[in-house]
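Remarks on the structure that follows.
Here the chain labels run A, B, C, D and E in written order, and each chain numbers its own residues starting at 1.
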């Protein structure tokens, strides 16, 4: 149906890469915009609402509305990051200093490819996931690659040759290690469940979604979801876990010495991590592209076709768009939750972060794993 | 100093997880988010300045256009950050306000130093200096941030005068000059 | 040092405190000795007593005596002699201490009297403190705060009197502020002997004035401004220049003549605004000549020397010292010291002369004395040069001897400490023959001709001492920082001395350190040090120089000591 | 009790028909006889006579004349001056003027006796500038006396010489104060001197010992020496000896001069009988008994207390009419005999305006030397002036009183009391009128008596 | 100084009356004022020089004593007593009458230059109040009628003089 798969391998790769960039960058920008707007609303402010573009601003209702929404700030910010002077402090290690933001971006963008973002129904009515690289290792790949992101922080901290970035880098690495464990342990019950005895073993996230046509794992395994979510906050260095940045005590943490486009790369990477993290969470615990618990994508499409009588609803393109929409909605909601939490909960002290990771979450995750292992064993032996 | 141990309230399990607090916090922020904004959108919307507001210090003239400051330098003396600098001068006898004798030759307020405390207004015996409604002072250089006498009068304008101290004095002098003394 | 005769003491009781005071001391002065303030306006310690302000009213009592037997009447309650308190208050300024006199300065009656007098003084006062130069040192302000009632009951029209009257070239009169204390009139009559001021009209309309067409222009007119307790008399020079509360006071000495009037320098942020006299009962009482008050203007002039120069080019201090050292090595040096230099500078000049075996000269300046506070000798410190041994005989106005030596080619280098050699009789041709090392404050023909110029400090910018005509050692203090570029004269001199001496050892240039060697090397100074020298000075023993033909005639506290053996 | 008859010493011949002020007439009436006898006696004896007589100064303060003379510094070697205080300027007093105009030689005789008694070589008569006629009469009289060798060198053949000069003032009330008078005589502004140290008896005219006596006092000296101190002291009452000229002015039927033995006539007798009572249709309201600076008496008030009669204390309870006209009695009831000028006010007078008139006088006459009187007198004038011009406040009475309290007793000379006492007493005794004045002023008839 | 010869002689006569020359200041001022009608600045300086004083010493006196004038006045000087006894008997009314008669105000010279009317303080004739002094002559019990009579007399004299 798509000529796409007839394209040469390298062209496919390039197009996919461009697609990732074309999606992630604007999304990251939109997130930054959303963050400013949401924080403003939560604080009783209107938020950014000044920037405007002449012709659009002249459109009677829409122009002012977009301006009030602060949409054009996004463009202005982007332009600013691109055209701003790029200072490189004299005391830094230039190579690593320049390398760090690039390294930050690579795993963020790379992880995307292993995350399915929608599905369509093929002629047989089977659900085919939309994914750039449908690798079987799935979640493991995501974990493996995204964890590399911390290197950029460490490199940035070290290369800056300055005490705040250095401390920021140290904190980032320690924090990542601390919470990676809990996170990984928290998803194990999900995969224990997916990999039914006798079935083909898989770590595929698409499979995960497929298994959530009924009850979502979030309902099934709330504790896992909770541990995963908290760890996700910590992994993405979001408040209340943004110790590496921690502007109150570390000025800007690892990126203190960065500015302009290099800084924006860190910025985009952070949002990319958030997007991926949210996506993974949605896939694991919120049913992926299944619209509601106990309502699968196939059910939805079937009802739609039945109700409207339109045939094209069953067309793969339409289903794909619906599924992407559902998935994206969930992701954006999670992004909102990130922001919501950020403007609600104050930052932890660093020792509290460590304590929470090692003494609370890790035992909890282990306990959770054991509990679900027993439950699953019990349930599956019964069925 | 004695050490007073303070008994902390024992926390319940729920409290120790912090979750109820976090959720109530989330509730608060969410509620706040859907309420209308409180902020004033500054350049378009201007705040209503309450009485007694202490804005930029200015010099005022009386309703007859006479400069009220007589350069007594009390404000210069009292100014905590030493933002005021006055060069006193003499009013020539033939001037219409010659009976006042003294007026500032130069009157500078360094707004980079000014802390808007209002002591100058309080101490002024001539009611010549007022912290008025003007609250934004900006400039591109340090020199620009020093308000000179002309600028201070421009900012200050004219305020009603309850006393007309010097006018009364002048009319008494004129009366004495025409009345030919006392005997 | 000569001890004054012991006065007869009487014991008086002021506010319950007994104090022995010399007989004839009035109550204000006696109270001051026990730190009790008796407010007053018209009383001035150096003028006659008129008692017209009525501010110094106090309650007075005398020990009761039986009129018949003259036996003291005892108070059974206290066991002491009973005190008969007078029902009416009496003025402190005209009441002299007598044995057993009792005074109350804090009783309700006295308080009420002061409140009343303060109110009366203020009802016709214009209360224009904001434009009054006296504000801050005004007795009306001080005493209204200290002793006034704090509010006014006067709602009628105030009297109108002339304002801004120019009494003379230096004094402005504001009659509305005048409290008619008559201090200025008495000063003009009694001290300045120039009776131009008086009161006209009467009652509350009394007005201070000078006779139409006459001006208060004697050289002591500004003292009326000083003694005016209110802002009626102000100085044209100081008028509207600066409020007194900003000014820092530094004790100094007037340099216009050998009287050495004690002064106070009033400065703010390195700028001098005025000079006023400082009380010294042995030298200038509380007076000072007008001419001396303008001397501060020399501090900031266009012709101040501001750079070290060697051969006309700007240079550094040490380079210049080395250049001088080179010239010293060639020999044939003469030193022209100055009667305007401080004792310390003269001392170092003498050391320099001794190290170089150079002759030292001084230049005299003789004018006409006014028999009050300006003496004939216009150098403030010729006696200092005698005491330090820089010179042995009194200087003359012209350096004829030096001129002859130059002409004879014996002198190759002349070190001038601020003296203009052309004014002292050297011709330009003679100056051209020698290299001049000039150390001074202002540019003049000598500094222009000099090979090496060190910019020095004026008397207001340094510490030091002068010896006045009475052989009274008096010190002055640094009031303002030195002129930009100028170097402390003592530093330069010390470096020159070190450069000239064979050993090359450093000489102290800091004043306290210098004084330890001064005191050690000059017997006349005894154990005096700069830091323990009283502010009112110290009289030195002048007998070693008693016979010299000084230029001065009598002035306020100075009679020319006749040579004791003149008739013998 | 009806009024006693007058006892005329000073006014013995004055007002007699045909009595003129020239020397011939005076000699005809036994003039200069006393002086001739006095010149035969030692000066000390004369001083003793005066001391014995108990004569008190008639200028206002009532200081014993004999004591004043003994205080004179005779050891300094400096000349002693006698200055006759003929600067009669206390409002309500007009006796000296009459003596000078009617009987100058009586005064000259008194002066010469006093000069002789005190070894004075130079006497000055300081006469008011407002009496140009009086000055001419005196100069003529002195010329006559000089011609008759009563004045001038080697008087009456003795080797004692004494000159009298007339010195005209120029219209300043303060010259009535003795040190002010001396200053004025020295050719200066009449600023009274501070005492101590400038007591005239020690440091008077040109820093020489100086005696300053009132005209009437010196006339009494003539009579004392004439009749002897003992005899004189029998006249009047103890401590208030002699006769005294009472000058009555104001709103009575017959104002004028009346000479009585001191203390023998009461206020009531004087005003009602001698002076014929109030003007038709009026009643007496107040009286000032001793010149305008004396404290006012309000008709209807009563004075109670104890007084000394002979050796014992006696209770007294007087109305204004019962007060004997002598120094001590008037002093006891809080006012003073002063210079003998009795000013009478009836019920047509508003006391605020009367005080306004008096305050205007004192404000005009304050010399301006010392603060309380200079500022206070003008302030009081301004307050009463303001009240009269319709800007009165009910609290002004209290303010006036307080201002006056701040003056009295704190000035160089007695002028402070002089200007403060009227105000103090007016407010004290007519406080109701002062309180009600702002209202009364509004309702005052247009043709009411104008005093300010 | 342009004075009448007899004034000069009287001045020379009066100065030795006093031990200190300064004391003669008041008599001299009287004499000069009688001669010239007022005390000019020239007169002040002349007297000061005569008595070996500073002009200010004489100036102080001229302004202190109300009887001395520094400006000329009308040909006749009407001085009305305003002090209490006279005021009680109608002194203010009498003064008002004089003002009306001569169409002038107190302290001013009348339009015809004939009189200057002034209030003065007590003239020491309180028993015959109100009193008025016209030049050196005292007039007693001057009520409105007498004031008119006196005014008429002055006017007649003025008319005859011309």
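Keep this in mind: a residue touches a chain if its C-beta (ideal position, glycine included) is under 8 Å from a C-beta of that chain, and two chains touch if they have at least 3 such contacts.
All figures in this text were calculated on a predicted structure; none of them were measured in a lab.
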Chain connectivity with chain B absent, coordinates unchanged: A | C, D, E
Chain at maximum distance from chain E, centres defined as averaged CA atoms: A
Relative to chain C, chain with the most remote C-alpha centre: A
Pair joined by the larger number of C-beta contacts - B-C, C-D: C-D
Inter-centroid spacing, chain C versus chain B (mean Cα positions, whole Å): 44
Rounded Å distance, chain C centre to chain E centre (Cα mean): 52
Chain A and chain D: spacing of chain centres that average the CA atoms, whole Å: 117
Junction residues of chain C, two or more chains touched: 157, 159, 199, 201-202, 205
Residues within chain E bordering two or more other chains: 57, 60, 64, 66
Chain A: positions in contact with at least two other chains: none
Chain C to chain D touching residues, read off their complex: 49-55, 57, 87-89, 91, 94-95, 112-113, 115-117, 119-121, 123-124, 153-154, 156-157, 159, 179-180, 199, 201-206
Chain A residues within the chain B interface of the complex: 38, 40-46, 49, 340-341, 343-345
Footprint of chain E on chain C - complex, ascending: 195-202, 209-214
Of all residues in chain B, those that touch chain A in their complex: 22, 25-26, 28-30, 32-35, 37-39, 41
Residue numbers on chain D that touch chain E, as the complex places them: 79, 88-94, 96-97, 122, 128-133, 163, 165, 167-173, 184-190, 205-206, 208, 247-251, 255-257, 292, 341, 343, 345, 349, 354, 357-358, 360-361, 364-365, 367, 449-451
